[in-house]
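The following blocks contain the structures, represented as structure tokens.
Across the two complexes that follow, chain A remains constant while its partner is chain B and subsequently chain C.
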Partner chain A sequence: MTAAPKLRILRVLRVLVAREISLVLHYRWWLAMMQLSNIIAPAISLLVWRGAIAQGATPPVSESFLTTYLVLVSLVSMLTSSWTSGFLAAGIRLGELNSWLVRPCSTHVNGLANNVAEKLMKLTLLAPLAVALGLLFRDKVALPPPGLRWIAFLVALFMAAGMTFALDVVIGSLAFWFEDVSAIDRLRQLLARTLSGALIPLALFPAAFSGFLTAQPFRFMVSFPLEVLLGRPSDESYLLAVGWFTTFLGAAVVIWRIGLRNYQGAGA
Partner chain B sequence: MRRFARLWWSCFVQAIRRDLQFRSQTIITAVSSTTELILGVIPVLILADVSATAVGWNGPLTLVVVGLYGACTGLMDCFVAPNVRRIDGYVRRGELDLILIRPVNAQLYATLRWMEPAELGRVVTGLGLAVAGAHAAHLSPSPGLLLVALLWMAIGFVGFSLLWANLAYLAFWVDSAEPVNEVAQQLREAGKYPLAYFPKTVQLILATIVPAGLIAAVPTGVLTGSTAAISLAILLLAAGFTLTVVHWRVAGRRYSSAS
Partner chain C sequence: MPKSGEPAIRAEGLTKTYRYTEQSPGLTGALKGVFRPDRRERLAVDALELTVPRGQIIGLLGPNGAGKTTTIKMLCGLLRPTEGELEVLGHRPSRRGFDFLSRISVVFGQKSMLWWDVSTYDSLVIHREMYAIPKPRFDRSVDDLAERLGIQDILHVPVRKLSLGQRMRCELVLALLHGPELLFADEPTVGLDVVAKLSVRRFLAELNRDLGTTIVLTSHDMNDVAALCERVVVINHGVTIFDGDLTALRGHADAGGEADLDQVMSNLFTAGS
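And then the complex of A and B:
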């Protein structure tokens, strides 16, 4: 692709993001309550783990790591989340995809714009809540100083968001073959909730599972960016992150293209 | 009241027929609900494993808490959640009109009309976990203790349902209050941990304003021989019930109907 079409897609994306932001602004209460619900689960984890430590429990990670992780995890979970599969599946099932297929840009630009716009708005609401939680437990929150680690964190965060979005496109694309993909999506969410480290750090799991937990893809959707920021992941972990990112992106492209060949469009 | 009981039974039979009509959806809901409970056990068991000696709640006892929590929330998701989740839609789209014109108590009808029997699968799994946990913890409570624990569970069930209903009534006050159901569901998650893990102030909140602690933690405590002031809990429940009725009436005045 030459520079001109790339710039055009970016312009389209910018316009769509602006449109989505103006739309999302109509649902301020909806967004605010959603962010409140996002912070409750890590806050509960934080309370029970700090309570256990205060009573003499000795988890396999430091109290400082645990506290900082649980303060930041809601932000990372939100920034790496994706919710496009349901809309994509509905578009395929109802034939609404037609209107995007005839346009001179990717079908997924719309989903991407919605994702970016909502996250920008959610960030403005969730960040103060995370800061408040951090202030409550400030004695044990330890962030690294600005530098290379933060840059690596941002790269890992971007890759995690890309992986989640790609997986969402894969699940949504299954609607080319299946009538209802909501069950697969629910199963994905259940697995991701436990295996991504969104509830508790994966390091707290029994050592017997560490090999599996280190290699499985959901780790790289939430836990890995935080490990990059707060710990020292191994070189193999970075390679695995790149490997899973490429695999998910490739799978999304391949499945989407094969699926499009099966697409008939409603009423066609 | 007898008329309402007949109506409720008809709704329940209709819900079962609906579930039987959409069998695959029902099976998926039941499996997902049970999987959710089983996966939800993991963080709690990890916590118990790390802190059993320090806090005094070992794995089997914690399993009883999670099991009772699963059973009670399964009942809640079958009989209460499908209704409170609809309140926002009733208000926003004016569908409350169709409830207000019926010759029944509108609040009671709006709270108990819809049911999802597939969620009852979690009740069975939860009770199974609780029995397994109790057996492993060598708990053999007397029938009297079991009754008191059941009473506490009922108080927790009704208390948390009242809180959820009040949160859902926010739909009368603000636009797009739908995610308030997520807030309620996340708050409820606190109920699957023994109260001993929380700081004292949070324990108080979980036993009164946000009674998630009464769903399973207090009943399990009762089974192990702890005592709790049940008369005070019933008093608070009555106050919560009155507040909910008043809230519905005041909020209802803001309802502008579909027109």
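And then the complex of A and C:
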């Protein structure tokens, strides 16, 4: 793609994001409640672990890492989440994709705009809550000074969001072949919640699973950006991150293209 | 870029087969379907031959399930043909490149292209960026189309608050904003009252006359066809059974020169079934 089409797509994305923000503003209270529930799980986890440490428990990571991780995890989870598969699958099944396929703009630009706009709104609501949680446990919160680590964190965060979005496109695209993809989506959500480190830091899982947990893709959707910021992941981990990112993006492109050949464009 | 003498549409042996799985009724049928799915095929369009010169208004007619919408979907790039050759404005539609998509437009009478929760103007702004329309041309086109279709007063009203007739006029403005050379209008007057129908018909006729836009129309309202189409192609069971003008159509159906077109079509389908 040359510069002009890329610029055109960016301009479309900009107007779609603006439209989505104006729509999302109608649901501001729903969003606010959702962010409150997002911060509660790590806050409870934080209280439990602090209590356990006070009772003499010795987790395999420092108390400072654990506290900072749990303060930031709701923000990272939210920023790397995606919810487009259900809409995409419905569009394929009900023929709503038709209106996008006859225009010179991919339906994924619309999905991306919805994702970006909603995240911007959620961020304004969730960030103050995360800051409040951080202030509550400020004695054990340790953030690195501004510099290269933060830049690497932002890159890992961007890749994590890209991977999740690509996986969502893969799952939604399965609707080209299957009547209902919601069960697959639920399984993905369950695996992602457990294996991404969104609920419990992966370092706290039994050591016997560490090889599997280190290599599996869900780690790179939440845990890895935080590891980059707060720890020192191995060089292999960076390679794995790039490998999974490329794999998921490639899979999304290939499955979407094959699926489009099967598209039957239900309805008018 | 196609030469100006080339037809807008050229289809040879255009065929589309749908593949699907049929399930027997009841629990036994459902279980059987898991282990031995009954895969079937349905021929929706069978070796269609069609050449449409530029600037023509052509009506694609046929009963429900005849294959008209499948044909339109292949012509605009939504569906990939199973067999045959298809060239629209010098492009293979299923590739869906920018150059092709920016020169065609589609109006679905039963499916809105407008964004539901915002005003028509907001949808137009999104299309301005999609089709890379310069601002001065955008302003001119919006003014011109809004005046022709009489929607100046409702341009900033959320689409969900518009009546069906108002919405269809707004759909047309959105579809024509980028100045397409070829318009696919799939039942554009379905559900509209008489006044709205006349307004849409008048507009499509003006569009063809003033800008030379090629129009492929499907409609079950034979008044639309009589008012607009210089040529009709009748499809039944995926096969072309007639291609010509309305006078020849009446002759083909053994109807008189003044025969009601609904009766003509009924004769044609009854004879063909």
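Here is the rule we go by: the second predicted complex is superposed on the first by the 267 of 268 C-alpha atoms of A that agree within 3 Å, B and C clash if a C-alpha of one lies under 4 Å from a C-alpha of the other, contacts with A are read in each partner's own complex, and residues count from 1 in each chain.
Everything below uses one rule, namely that contacts are C-beta pairs under 8 Å (C-beta built on N, C-alpha and C of every residue); 3 or more make two chains touch, one makes a residue touch a chain.
Please read these numbers as outputs of a predicted model, since none were measured by experiment.
Novice: Is it chain B or chain C that touches the larger share of residues in chain A?
Specialist: Of chain B and chain C, more residues of chain A lie in contact with B.
Novice: Which partner does A:104 contact after superposing on A: first (chain B), second (chain C), both, neither?
Specialist: second
Novice: Which holds for A:55: it touches chain B only (first), chain C only (second), both, or neither?
Specialist: First partner only.
Novice: Just checking: does A:15 make contact with chain B only, chain C only, both, or neither of them? Give me first, second, both or neither.
Specialist: A:15: touches chain C, not chain B.
Novice: Looking at the overlay, what does A:204 touch: chain B (first), chain C (second), both, or neither?
Specialist: In the superposition, A:204 contacts chain B only.
Novice: Is A:23 in contact with chain B, with chain C, with both, or with neither (first, second, both, neither)?
Specialist: After superposition on chain A, A:23 lies in contact with chain C alone.
Novice: Give one of first, second, both or neither to describe whether A:265 is in contact with chain B, with chain C, with both, or with none.
Specialist: Once the two structures are laid over each other on A, A:265 reaches chain C alone.
Novice: Could you tell me which stretches of chain A are touched by chain B in one complex and by chain C in the other?
Specialist: none
Novice: Which residues of chain B touch chain A in the complex?
Specialist: 28, 32, 35-36, 39, 42-43, 46-47, 49-51, 53-55, 174-180, 182-183, 185-187, 189-190, 193, 196-199, 202
Novice: Touching chain B in the complex: which residues of chain A?
Specialist: 27, 29-30, 33-34, 36-37, 40-41, 44-45, 47-49, 51-52, 55-60, 183, 186-187, 190-191, 193-194, 199-200, 204-206
Novice: Inside the complex, what are the residues of chain A that reach chain C?
Specialist: For chain A paired with chain C, touching residues are 4-5, 8, 11-12, 14-16, 19, 22-23, 95-96, 98-99, 101-105, 260-261, 263-265, 267-268.
Novice: Quick check: in the complex, which residue numbers of chain C touch chain A?
Specialist: Its residues touching chain A are 18, 69, 73, 76-80, 96, 98, 101-102, 104-106, 108-113, 115, 117-118, 122, 125-127, 129-132, 186-187.
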